[in-house]
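In structure tokens below, several structures.
Across the two complexes that follow, chain A remains constant while its partner is chain B and subsequently chain C.
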Partner chain A sequence: MRELQIVLIATAVVCGVCTVLTVLLLLAERFIANYGRCTIDINQGARRLEVRGGSPLLGTLMEEGVFIPSACGGKGSCGECKVKVLAGGGPIAPTEAPLLSDQQRTANLRISCQVKVRNDMAIEVPPELFSVREYQAVVERIVDLTHDIKELRLKLIEPGEIEFTAGQYIQLKAPPYAHNEAVYRAYSVASPPDEKDHLELIIRLVPGGICTTWVFEHLTEGHTVSLNGPYGKFRLSDSDREMVWIAGGSGMAPFWSMVRFMKAHNIARKCTYFFGAVRKRDLFLVDELRQLERELDWFTFVPALSGPAAEDNWSGETGLITEVVDRHIADGSNMEGYLCGSGGMIDAAVKVLLKKGIAEDCIFYDKFT
Partner chain B sequence: MKHIPQERRIVERMVPGVLCLEGFLGSDPRSLSEIIETDRRALEDIGLDCQSVARRLEKVYEIAVANLERPVQVGTDLEAVHLSAMGRIPCPWGGCGLWPKGDVVLTDRTTGRVYRFTALSMHLIGLHGFFQGRGHRYRLEPDEIARLLGLGKEGSQ
Partner chain C sequence: MILMLADTLAKEAAGQNLLAIFFAAAITDNILLTRFLGMCSFLSISSQMRASIGLGLAVIFVTACTGAINAALYWFVLIPLERYGVPASSLQLILFIVVIAAFVQLLEMVIERVSLGLYFALGVFLPLITVNCAILGANLFLINKNLTVFEGFVYSAGAGAGWAVAIILMAGIRIRLKTARIPAALEGPGITLIICGIMALAFIGLSGLIK
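Now for the complex of A and B:
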């Protein structure tokens, strides 16, 4: 009986201590870790935000409608959400350090999801991010373009329209599913900018990829999705130089947007579009691009296969897309190059274009990074 | 067994859904330290270390990437193809930068066996001695991949 009393008293004491500690922690959270109202000055007064301190900078900015690109959703793993912090950022956190080069540290860049707003801050962001918004959209259509590439057609519902430039990208949110947390992934817009109430995306399955697996295995027509954008500086220049476009796989997307934009706006700028694939089953939108080639005397489409099978009955260009470009372009000294695809393809294509005389500052690319 | 600093934190980032859909450990019930130590010994038995395997994988990777998804022969009866993918992935150890996604698929034509690895796989093997957990699609058995690449006592280092 006495032993039972001791056990009961001990249990009561432990419970009491735990309760007191919990109350103390809550009070600490309420009064000590309360950073109160803080001011975030963006781009030297271009915008001033009055915010409640205590949360990461990335999320705080998002709540105020300032979207910084982030692929991992603020988990500090992608390193995409860098912003220049001029004042009030505190020391670099251990979670930021691996994601910042010496040069970036010198330039005051910080990983915004790992910087807490604790006091007044001054930051700099690219001004074009002020036009980035969050959108809700309904999946209107999903089309299999190849065995591992799908086209999503989204109808924007809130806001109902988006302004973007052909070549820019958005970030699609994959919501939590199975054991995965929410992530954002970047996809170039494939539809032309004049179609403001719709967005088309071309998405290739990444084995083991959280977002693409969600798109391929869980997303169906009628689903509502979240996205934000537009982002990116990949776009047509203002010059009238002849253009060479080079792409592979889902790198098709920005060019599918650009060519339809140019057609709609009667921009008759000479352009040859080289699109590389391995086999015929990897090609898509060929009929549509051939049709544009017939309609537009300034546009030439050159699909090429690097490893056609006998059953492909392929009579078109063959070889690596860089070899095909090498054969087709004689003098590139008055041309511009536009590239979209894997890092390997971009690196190889840049070498070919430089060899052909295209100036380095006339080569624009959107790497799959 | 060699203790890995901050093993718990690293393993937390290796579970499915944190950095990638399938994580890094597969169905392997062993601890991270045990996986790494066992693999190190397997290589030691054939006179190799992780860095030499990583270096040979890097050569295969470079050849495959340069062929822009076209299959290419990288040894007798050994074919490699790089399947590009968008995005980069961080190392679960942290502090090692970001690695481009995209698989190199290595096919042994004599056995039909297929092996997959990525830029991150090469980094994990070379710097951390981690060949991933058994049952994972990117798991490479150290002695098997070494033999395949012509390394070790029977191969030509």
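Now for the complex of A and C:
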């Protein structure tokens, strides 16, 4: 009996002290960390938001429907959510410092997930971000394109339609699972923009990746997902110069959207699409693209394998994609280059294109990070 | 100098006065160099002088305040409860940790509101302090020494000051180390631990100076 009394009293004391401390902290949060209502002026009066202060700028803007692209979900590690803060940003926090260059500092850029709304602010965002919305979609189909690449076909529910240009990307939200917090990851849209009520994404499994592991192991048809977009400046230029497209792996996505967009709108602009993979099992959509090649006289598709296996019976191009491009292009002075893939591939390919005489401002790319 | 001063002061005052408690905690009973507590942040932060000063000041403040709060908690809550058979020693550890964690949170909120500059200067260190075992150590030792609330405040301020002195000294030495030729295998934490050991030997010479 006495032991039970001791245990009960001890538990009560610990709980009591913890409760007192919790109440203290809650009161402090209510009164000390209460910054009242603040106004955020966006693009000099284009929009004015009345918000509750005390939260990071990124999340506050998101709640109001202004979506700033961010890959890490507001943890201050990716540095992508930069926003121009004209007034009311306060001093640069130590968590921002490593992510901002001197040039960006003088341009008043800040890492919006690390800037708290503490008073009235004036900020500037690219106007196209106003068209960014949060969408709910249901997974209509998941197809294995290769052993480590899946195609996700989503049907938009709310809002039911999306406006974007071929080459842009969206951010898919991976909800919390296992020990991971929610994260947003960027994926280029693979479907053509004319199909406004559907989105197709091409996703390659990144070993240990939070979002891709979720897509590969937890996501099934019929699931509802959240995404926001569209983002990005990767798009076809308005010129009629001949185009060189270079992609690897899931870098296929923007081009798969672009070629179908061009076909639908009869844009007969000469175009050669180089697609690099290691072995035959890493290739996908080849039959579809070959079919388009036969139908469209302006389109050429060149798949290349860097290390074909003996059983592949590969008679097409071999070698690194940069070597293949090097062999195929003679004079690039009146061409444009479009690249999508890993950073290393893009850096190497840009070098080749520059060597071939393509002007630097005619090379556009979408680098995976 | 300081030692002589402390010694005379200690002799002048009959028994244990507050200054003696302070200097004993800071110098002769240095929590880092005689007990080797709070080593993790010591080893990583002492490579930068500015950060060492910032962290040192933060540790002094947090140790002193939590020392007083925890001493009060011990004498006014836990000791009266011993009547019911609950040994105070079994609860002090868990309660002290919770109090320290909550205090640091509270402090962070207040500093953020009052001075953004100070918040950014200390911001990175405050969460680190929550898990600094020197603070918990000082809080527990003052109970062992049977100090009252105010004595406990002075004792833990001294312990924090001792920790700050040790990390600032080490940061000063590590500035010199940057130009020294150190065997590759000992670079970083290795040589720091060796120097720390030598400093501890030096501080052993002071033990017993203040009873």
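The rule is short, and it goes like this: the second predicted complex is superposed on the first by the 339 of 369 C-alpha atoms of A that agree within 3 Å, B and C clash if a C-alpha of one lies under 4 Å from a C-alpha of the other, contacts with A are read in each partner's own complex, and residues count from 1 in each chain.
Note that a contact is a pair of C-beta atoms (placed from the backbone, for glycine too) under 8 Å apart; a residue touches a chain by one contact, two chains touch by 3 or more.
Just so it is clear, the model here is predicted, and its values are computed rather than measured.
Engineer: Quick one: chain B or chain C, who's touching more of chain A?
Structural biologist: With both complexes superposed on chain A, more residues of chain A are touched by B.
Engineer: Now for A:I9: first (chain B), second (chain C), both, or neither, which partner does it touch?
Structural biologist: In the superposition, A:I9 touches chain C alone.
Engineer: Applying the document's definition of touch, where does A:G90 land relative to chain B and chain C: first, second, both, or neither?
Structural biologist: Once the two structures are laid over each other on A, A:G90 reaches chain C alone.
Engineer: Under the stated touch criterion, which partner chain does A:G160 make contact with: chain B (first), chain C (second), both, or neither?
Structural biologist: Neither partner.
Engineer: Who does A:V17 touch here: chain B (first), chain C (second), both, or neither?
Structural biologist: second
Engineer: For chain A, what residues appear in both contact lists, the one with chain B and the one with chain C?
Structural biologist: Comparing the two interfaces on chain A, one with chain B and one with chain C, the shared residues are 95.
Engineer: Which residues of chain C touch chain A in their complex?
Structural biologist: Residues of chain C touching chain A: 73, 77-78, 81, 84-86, 90-91, 94-95, 98-99, 102, 105-106, 109-110, 112-113, 116-117, 120, 123-124.
Engineer: Of all residues in chain A, which touch chain B in the complex?
Structural biologist: Going by the criterion above, the answer is residues 71, 75, 77-79, 95, 97-99, 178-181, 185-187, 204, 206-210, 213, 248-250, 276, 278, 282, 306-307, 320-322, 341-345, 348, 368-369.
Engineer: Can you check the complex and tell me which residues of chain A touch chain C?
Structural biologist: Those residues of chain A that touch chain C are 2, 5-6, 9-10, 13-14, 17-18, 21-22, 24-25, 28-29, 32-33, 90-91, 93-95, 118.
Engineer: Which of the residues in chain B come into contact with chain A in the complex?
Structural biologist: Those in contact with chain A are residues 13, 15-22, 65-71, 82-88, 90, 94-98, 100-103, 116, 137.
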